[in-house]
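Read through the structures below before going on.
Two complexes are shown next, each including chain A; its partner changes from chain B in the first to chain C in the second.
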Partner chain A sequence: MAMLKKSAIWIAFAVALLGMPQIFDTILAISILNQMAIAIVFALSYNMLLGQGGMLSFGHAVYFGLGGFLSVHALILIEFETMVFSILWIPLIGGLFGLLAGLFIGSFSTRKAGTVFAMISLGIGELIAASSLIFSSFFGGEAGISGDRTFGPTFFGVDFTQNIDIYYVATFWVFLATLFMYLFTQTPAGRMANAVRDNPERAEFIGYSARKVRFISFCASGLFAGIAGGLFALNYEFITEENLNAATSGRVLLMAYIGGLGYFIGPIIGAVILTLMNSLLSNYSELWMLYLGIMFLLTVMFLPRGFAGLIMMHQVAWVRGTLTLLIKPYIITGVPAILFTLTAILLIEMSHTEDEIFHFLGMALNTSSSVTWVVALALFGCTFFATRKSLGQLNEAWETANAISKDEQT
Partner chain B sequence: MLEVFIFATLNGLVTGFLLFMLASGLTLIFSMMGVLNFAHASFYMLGAYVAYSISLYFGFWTGLIFAPLIVGLLGALIERYGLRRVHQSGHVAELVFTFGLAFLIEEAVQFFWGRDTKNYQTPDLLDFPLFTLFGQEFSAYRGFMMTISIGIFIALYYVLTKSRVGIIIQAAITHPQTVANLGHNVPLIFMGVFGVGTALAGLAGVIAGPVLTTFPGMATVLGSIVFVIVVIGGLGSLAGAFIASLMIGLLQSYAIASDVGMPDLLNLLGISFARDHPLNDLWTINLPQIAPVLPFLLLVLVLIFRPTGLLGKREE
Partner chain C sequence: MTILSLTNVQKNFGETQIIRGVSLDIVEGEKHAIIGPNGAGKSTLFHLISGRYQLTSGNIRFKQDQIENLPPYEIARMGLARSFQVTNIFPRMNVFENVRCALLWSKGYRYSFWHLLGRQRELNDKAMDVLEQIGLKDKALLPSGELGYAQQRALELGIAIASGAELIMLDEPVAGMSHSEAESSVQLIRNITEGKTLVMVEHDMNIVFDVADRISVLVYGEIIATDKPENIRANPKVQEAYLGEVPSA
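This part shows the complex of A and B:
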């Protein structure tokens, strides 16, 4: 039964992946879906390190980028017919190179977790990003290197000229990578990674080498990051130094953390949210990075387990059947909270814009008139106050919904 | 040759002392809270920007005094209302918090001041060459930077080792419980140290802004270097941070000033490679080219072979 339930989830996942381009079939949507696919594999591989292995890395883009660079080189080799195989296997090449890099770097960096590991990863990340600008025959300097995915043998008649073709290639790899990463968490190595994360000393006492356990997770994580890099190379057909520097490493940390580290599904949620913000929000506001920063800090402060943690918090109430008790309190707090967020965004945007008439949610606001400002500020203050006031009843409702009922106590 | 060496040394010392102003705060904060503050260089950037804005209205000298105070106050508030809250979720969450803070400050700086480089200039009072050596000038402003940094170093050393406050701080690092039992407000001490540390970073920004240019990427440029210094010096060791700062400052300065490289080494060894050799990039590399990489190479080597750093005692 449990087996059936589990395979049902995976079948649903596969159907969702395959069905997405049927629902969202514009060119923009397909390109966003491709980015999402890449981000999901990358964020999941990062979670293997930080969420499951307790290793905070500031240089995870190294494996992503190196895998991507080798993949583009493989594309070039296919183009000049030095090698002949379908580009479907390119992500595997990226993955193997990521694994190789992981084997080498992991051999000395996994001795300790914590700050030492974080610092080594930072150092390696900066080192490789800086060297990539020096060794321009492999990395192509600042311009990066580019290839062409349309060469090589066709795959059952598909020649990979369209982005949608790449989406199906990505789907195949995303499904495979997600499945294997999930299965990894169920292996003894994956279980021990959790044990070493929580208490390396105890793990050592029962006879496991903490370093070896970390090393295995590290290499596996490098492999999957490399696969993500290979997918990137296939999708964009070029890669630059930017894809292995600290900014990319930071972005994957944000994805995994916002999504929720402790849960397998967390990084998937994070990858989806961040890709959407990146590609949609950036059309509406040039300040989207500022919002991302604020959202990230608020997540770290108030939702240490991320969005997945927020969802999972409701499990108890769900099992008890008391979830309906929370609907009304959520609305009471939610309405002023949403209004508060909107006015905050409005104020930020209004102080940034240079236009005299600012369009916001269908309203045309005159930014030079002080009335607009006074009203906006008053609304900002009122909604903040209302949100704070309403938190009490939400807390109360939460306590009741999660309280142990009388027959459970006995 | 000699003048190159002397100027490289002088510039290296200026950079080194400047780096120490950042590293000292970072290492003090680390020894208290056990967390490396990723946003430390962001406070340095804030210092430069705030001082720039003040200098537009009240001149450079007012900025020099008030900008570090404002930055320090902001740092203390962030410790009080942000970091202290995250502290319950453990070290990783704290590190991630400061990382996010660095990200946010960079975005906020672009929001308030824009993306372009600010024309933050050295004061007219110091706009003359201090001395001329072998036909090259050493500006008075660099001399001023060095004086301030050395002054801060001496003051910090004196306060931490001789004054009553310093002794309480040192005790709070190793025995926070005991210090609290003696009636001192340990969280307040932590907040104070965080505030002073960020104020020092802000001061470094104020005096470095005119020379190293004030732009939104200035935190990233220096941020990781300061980390390198703190780790190489030994986490939590002030003396180690001092040695490492000067070492990194001089190392980079010498590497940039030198004109030796791989071709010279190969000549010396009597080896030569064809130009189309696959590793041609490696055989033609020279020292100024790899100057930015050297600190990170040193960092990785130190972490592998001596994870405690030069003078660090702390084993995790």
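This part shows the complex of A and C:
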């Protein structure tokens, strides 16, 4: 029964992956889907460290980037026919290089968790990023290196000229990588990673070296980050220092955190949300990084278990069949909350813009008129208080929906 | 036959000498209690034996091997399991996982990343058996951090005994429990250490005299007596150190 349910989830995952480009079939959509695929593998690999293993890394982009660089070099070798194989296998090369880097760096960085590990990861990240600008024959300096994925043998007639071809390659690897990362959590090494995260000391008294347990997770995490880097190389056909520096490391931390570290699916949700924000929001506003920062802050403060945790909170009500009780309260709170968010965005954007006429949701607003500001500020205040006032009824409804009924208690 | 042998073990923390030359032989199969006033160094002695602390000097032999200053995991693998005075579990993992993890090494899984735990029938059955023994079967899926105090103590014990180690060391296993909880824990300890060697630190003298074959009295880092319960009770040095805490009948 449990087996059946699990298989069903994996089949649904495969169908969703394959179905996405049927539904979202524009060029922009396919490009976003490719980014999502890369981000999902990368964020899941990061969570092997932080969520599963309790290792806070500020340098995870190193494994992603190194995998990516080696993959672009492999593309170049294929292009010059030094090697002949389908580019479908490129992510494996990225993965192996990520694993190699993990083996090497993990051999000393996993000695301790906590602050020591975090600082070492930061140091290594800076070191590799700096090296990448120095050793320009491998890293290509500031410009990075580029390849061409259309050489090499075709794969059943597919020549990988289209982004959609890469999407299917990515799908294959995303599915495989996700499956194996999940299965890893179900093995002795994966479970002991949780134990060491919770209590490294006690783990040693049941026969396990905390350091070795961390090392294994670390290497596995490097492997999958490298695979993500390989997918990046295939998708963009170039890679630069930016892809292994601290900013990229920070982004993957955000993805995993916002999605929810405590759940396997959390980083997937985080990867989807952040990719969407990154690619859609950035079209609309120069300030999208600011919004991302605010969202991260709000998540840390109010949703410590991330979006996955938010979804899982509803499990009890779902099982009890009381979820419908929450629909109306959610709307009552949701409407002012959305209006509040919009006015907040409006105020931020109006402060930022230099145009006299600011276009927002089809309205043309005069930013030099004090009336616009007064109205916006008034709306800001009103929606804020409306949202706050509405929280009471939402709370009550929540209690009712989750309350243990009399016959369940006995 | 001696299973555990300490020879002139010393431990200093900075300038302070906490363990001042302890020599002690634990006989295979015996139930050995270590008693002594608070701060005498009982827990420290446990930490030295189990590898948590490094010795300042001395030797410790477990079965045939010198084990002083080995890392805890190597000592544990040789068949020496222990519990802690302060509960030391895996709080975010559920109760079942806590016990299953404690079984992994002894069942030969080592650092395997190719076995799926869900399929390891024998391992899972064994983990459930242990849960049954410690009375936490119906709490199997609860995060262990959410257990009540007595239940966490039971789990602490479960993690220590799961692997079926030959030598089990329990540091105040029933401290802080109610009378009836303590009683059932003692019964449990008796059952699971059947045919094994037990070294136990305990304050409740009734329990000590009830369970132990031999008792060692540790005072200020020195063992002042090791003997059968009735002889310990009659020992004037012990009476002096304990000032009548030892029940006289």
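Here is the rule we use: the second predicted complex is superposed on the first by the 410 of 410 C-alpha atoms of A that agree within 3 Å, B and C clash if a C-alpha of one lies under 4 Å from a C-alpha of the other, contacts with A are read in each partner's own complex, and residues count from 1 in each chain.
Please note the rule applied: a contact is a pair of C-beta atoms (placed from the backbone, for glycine too) under 8 Å apart; a residue touches a chain by one contact, two chains touch by 3 or more.
Predicted, not measured: the structure shown is a model, and the values here were computed from it.
Within the superposed three-chain model, A:A12 lies out of touch with both chain B and chain C [touch as defined at top]. In the superposition on chain A, contact is made by A:V213 with chain C only, not with chain B. By the touch criterion defined above, A:V374 lies against neither chain B nor chain C after alignment on the C-alpha atoms of chain A.
Of the two partner chains placed by the overlay, only chain C lies in contact with A:F205; chain B stays clear of it. The larger set of touched chain A residues comes from B, when the choice is between chain B and chain C. Of the two partner chains placed around the shared chain by superposition, chain B is the only one that A:L122 touches, whereas chain C remains out of contact.
In the overlay built on the shared chain, the residue A:Q186 is in contact with chain C alone; chain B does not reach it. Of all residues in chain A, those touching chain C in their complex are 2, 183-184, 186-192, 194-195, 197-199, 201-209, 212-213, 216, 220, 262. On the chain B side of its complex with chain A, the touching residues are 36, 82, 85-86, 89, 91-93, 95-97, 99-101, 103-104, 107-108, 110-111, 220, 224, 227-228, 231, 235, 278, 280-282, 285, 289-290, 292-293, 296-297, 299-300, 303-304, 307, 316.
Looking at the complex, you find that chain A touches chain B at residues 50, 54, 56, 58, 108, 111-112, 114-116, 118-120, 122-124, 126-127, 130-131, 134-138, 246, 250, 253-254, 257, 287, 289-290, 292-294, 296-297, 300-301, 304, 348, 352. Considering their complex, residues 50-52, 71-73, 76-77, 81-82, 84, 88-93, 97, 100-102, 104-106, 109-118, 159, 162-163 of chain C touch chain A.
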